[in-house]
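Letters are used for the chains, namely A, B and C, taken in the order the chains are written, and counting of residues starts over at 1 for each.
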Amino acid sequence: MDEALKIELGKQGIFATSLQELYNWGRKSSIWPLNFGLACCAIEMIATTMARYDLARFGAEVFRPSPRQADLMIVAGTITKKMAPQVVRLYNQMPEPKYVISMGACAISGGPFKQGYNVLKGIDRYIPVDIYIPGCPPRPEALIEGFMALQKKIDEQPLTGSSRPRHLKADEPSEFIVPQFGAHDLEPSQNPTVWHAPLVNISIAGKDDTGTA
Amino acid sequence: MTLEPLKSEIEANVPGCRLEIVANPSPSAQHSLLIDSEHALAVAAYLHDAAHLCFDYCSNVTGIDWPAREISEKVKVKKLVDGPEGSAVEQEVEEVRKTQTIGHLEAVYHLYSMEKKHGPVILRMRTEDRADRVHLPSLTPIWRSADFQEREIFDLYGIVFDGHPDLRRILMWDGFVDHPMRRDYVEPDDYEYEPTAHDEVLRKAMQHHSETA
Amino acid sequence: MTTSTAFPATSNITLTPSPDGGDSQLLEVSMGPQHPSTHGVFRMDVALDGERVVKLKPIFGYLHRNHEKIAEDETYLGSMPYTDRLDYFCSITNNWAYALAVETLAGIQVPERAEYLRIITGELTRLQNHACLVGFLMQDMGASGTPLMYAFREREKILDLFEALTGARMMCNYMRFGGCRVDLPAGWLQQAQQVVEAFPRFLDEYESLLVSNEILMARTQGVGVLSKELAINAGITGPMLRACGVNYDLRKVDKYGIYDRFSFRVPLGEHGDVYDRYMIRLLEMRESIKILEQAMRDLPEGPITDPKTKIRGFRPKPGEAYGRIEAPKGELGFYLISDGSPNPYRYRVRPPSLINLTVLEDMCLGQNVADVVIILGSVDIVMGEVDR
C-alpha cells in the first residue's frame, strides 16, 4: 500500500498494516527474558532492570523464572564446563520462537578466563546465538542497545520464504545436543552444526611480519 | 608469636612429634611449623585446647604442588688427580653434584585465635611423593572450617585426607579424573580463535588448521 | 529432528523409599543451579520429609573459573583485574586484600593519603554491598523487587562515584601495590560527601520497612540459628559471625591500614538467626557512614603511591605471605608464595563465602524448605568468590 495513503488513512483513524508487521511488532514488543544470570554480568543485567535503566519499558516486563515461559535467554557471565549442560538443557526447554543474547566477553568467547581448564570458550559452541554484546561487564546502556538490536532483528524477519526464521521451518531443529561430562573435558567439546571454527589464514599471521590475517 | 618457644612447648606436651621450623625469607616474617603426619592430629588438638594458646579458628587451608626438580650444588670432594710425572695425587676438587628430589604435595594451615586475638600460626604437612603416597591426616575433626577447603585440595591437587567425613570432589564434576592445579597438568586441546595468535595458541591453531584444510 | 542423547526426566524430583520401609518417603529436591533467587549458580540437594529439611548438600563449581591457575601464569599486577571478578559486588575490597598481601610479601609501605582513599572507597563498597544484600533478602522473602529498587538507587549513586574515580562502575581495578591507581578528580569529595549525608535518610526509610514489618519478623526471627561455638569452629567470619555474638572484626583485631585512627563500634547480635544478621548489616552501614565522615574530613594531601615501588619487573623476594582484610562478606585473605620470578608460585584466595557455607546444612536442618532460601540469602554469598 502506498505510504502517503497509509498516513492519510491513519489520520482518519484507520490503520492499515500487513500481517508480517503486526506479527513481528507483537513479538518484538514483549520479549520476556529468562531469569538467568551466571556471574558479574548478571549484576549489570539486574541493574538494567532497576529504576535507572529500566528495561521493562522495552517490553521485557517480567523476567520469568521458568524456561517454559520465556522467549529470550540472556546468557550473562562465564559459562563453565560444569554449567554448560544445564545451559543447553535450559535452552532446549524454551519453546519456540526463542532467542539468545550473549552478554559479556565470557559468554562470547571465554573472556578473560579463556585459558581456564573449566571455562567454555563461548556459549555459541553449543547453541545458536543471535546478538553478542561485548564488554566486561557491558554497561546497562549496552545491554539496552543489544536488546534494541534484537528487536530490530525480529522486526526484519519475514513470514514466508527461505529466509524465514527457524520456528517457521518444519525441519529445523529447535533442541541441541546436551554435552556430557567426560573424564577430561566435555563430550562433545563443541557442536559442529552450530559452531564453525573461523578459518582465518593463520599460517600467514604467524610467519611473516604482516601480523594480521 | 615467635615460633621457637611454641615449638618447644608443643614438643614437651605431645610426645614423639617431630617439628621443624620453616623460615620465611621475605619481609613478611611469617614462619611456619612443619609437622609430621603421625602426630598432626595430636599437635592440632593441643593447639586448639591449650588454654593460653586457644587456636580455635583455622582460617585458610592451602594446597601446594612442589614437583620433582634437580638440585645442583657445588661439593668439595677428595679425588685422585693426575699429578706431575704420572703419579696420582689426592686433591680437593670442587664438583657439581646433581640430586633429583622426589617432589611432594603440601597442605598449609593458617591458625588464629578468636578468643585471644593472636596469630597466625602456620602449620605445614607434606606428603611423601606425588604419585601414590599422597595421604595426609585430615584436621577437620578439630576445625570444621577445613571441611570444604580440604575437599578442594583433594579435588585440585589429589591429596587424600584420611579421616575427612565426606571426601569427594567439590569444584570439578565427579567423573573428572585429573588434578588440575598440579604443575604438570595438561589442558585438553581446544581450538581457540584469536585474531592475532602467537606462541602456544598459534601452534595449536595451526595444528587444527592443517587438520581441517 | 531432535537429538536423543541424555535428555533428562523433565522433573528432577525423585522419591526414595525410606530406609526402615515405613510410610514416610523422603523427597529429594535439587534446588538450582538456575533458580529464581538471585544468588548465582549454586545448587543444593535437599532431602525433605514433608516440608522439613532432613539433609542438605551444597554443590559448587558451576562458576569455577580457574582464577588461581591463571594467576600462576600472570604477573602480580596482571592478577589485579581478576581479583575484581571474585566478589563482583565489592571489587575494591578484593583489590585491597590482594594489594595488602603483596605489600606484606614485599615489605612495601603505603603513603597516608592512599590509606585514607582506600578506607573511603572500601567503606563506600561496604555500604552498597550491605544495602543490596538487604534488598536481595527482601526479594527472596517475596517482596518481589521493590526494596531492591531502593537499594539499587543508592548503589547507582555510589557506582557513579566509582565511575568518576576509576573509570568503571563495577570492575574498578583501583588498588596498586603501595597505594592507589588514580587520585580524586575535582569535585569528587563534595559529591561523595553529599551521598554520605543523604544515606542515613535512606537507612531510616529502609529500617521503617523492616523493623516493624510483621511478615519479616515472623519469617526471620528464630530461623537459621547458628551457635557461637559452631561459628568459631567452622571458621565463619564477617557479619554472620558477629550476629552470633563473637566480637571479631579484623578492622579492630588486625588494625590493617589506618583503621585504628577512626572511632566506630562493632555491632554484635545475640541469637544468631536471620533477623540478627539483617540487623547487623543495617547497623554496620551506620558505622560505615561514621568512618566515611571522619575519613573525608581528615583526608590529607600527598602522594598516592609509594614512589619507590617498582611497577615494571616487579619481583618480590622469595618467601610467602598471608594478608587478610575485613571484606563486607567476611575475612578475605590472599596467600602468596613467591619464588623470585615475576609470577607468583602459588596464589590462593581464602574465600569468605565458601567458608561461611560450611554451616549451611546445620542451620537448615529442621527448617521448612521455604526458609532454606532465606537462610542462604542471609549468608551473603557471591558465586564468583565461592568457586573462584
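The rule is short, and it goes like this: a residue touches a chain if its C-beta (ideal position, glycine included) is under 8 Å from a C-beta of that chain, and two chains touch if they have at least 3 such contacts.
Values in this document were obtained by computation on a predicted structure and should not be read as measured data.
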Innermost chain, taking as reference the mean of every protein Cα atom displayed: C
Contact-richer chain pair [A-B vs B-C]: B-C
CA centroid of chain A to CA centroid of chain C, Å: 30
CA centroid of chain A to CA centroid of chain B, Å: 45
CA centroid of chain B to CA centroid of chain C, Å: 29
Set of chain C residues in contact with two or more other chains: 61, 64, 66, 69, 387
Chain B, residues touching no fewer than two other chains: 171-173, 180
Junction residues of chain A, two or more chains touched: 82, 115, 117-118
Complex contact set, residues of chain A against chain C: 35-40, 42-44, 46-47, 50-52, 65, 77-78, 80, 82-83, 86, 89-90, 92, 112-113, 115-119, 136-137, 139, 171, 173-178, 180
Residues of chain A touching chain B in the complex: 81-82, 109-110, 114-115, 117-118, 121, 181-185, 189, 197-200, 202-203, 205-206, 211-213
Chain C residues within the chain A interface of the complex: 1-3, 5-8, 33-36, 38, 40-41, 61-67, 69-70, 73, 81-82, 85, 88-89, 148-149, 152-153, 155-156, 169-171, 383-384, 387
Interfacial residue positions of chain B with respect to chain C in the complex: 24-28, 30, 56-60, 62, 64, 108, 110, 114, 117, 120, 122, 143-149, 169-173, 180-181
Residues on chain B engaged by chain A in the complex (per definition of touch): 171-178, 180, 185, 187-188, 190-193, 195-198, 202, 205-206, 208-209, 212-213
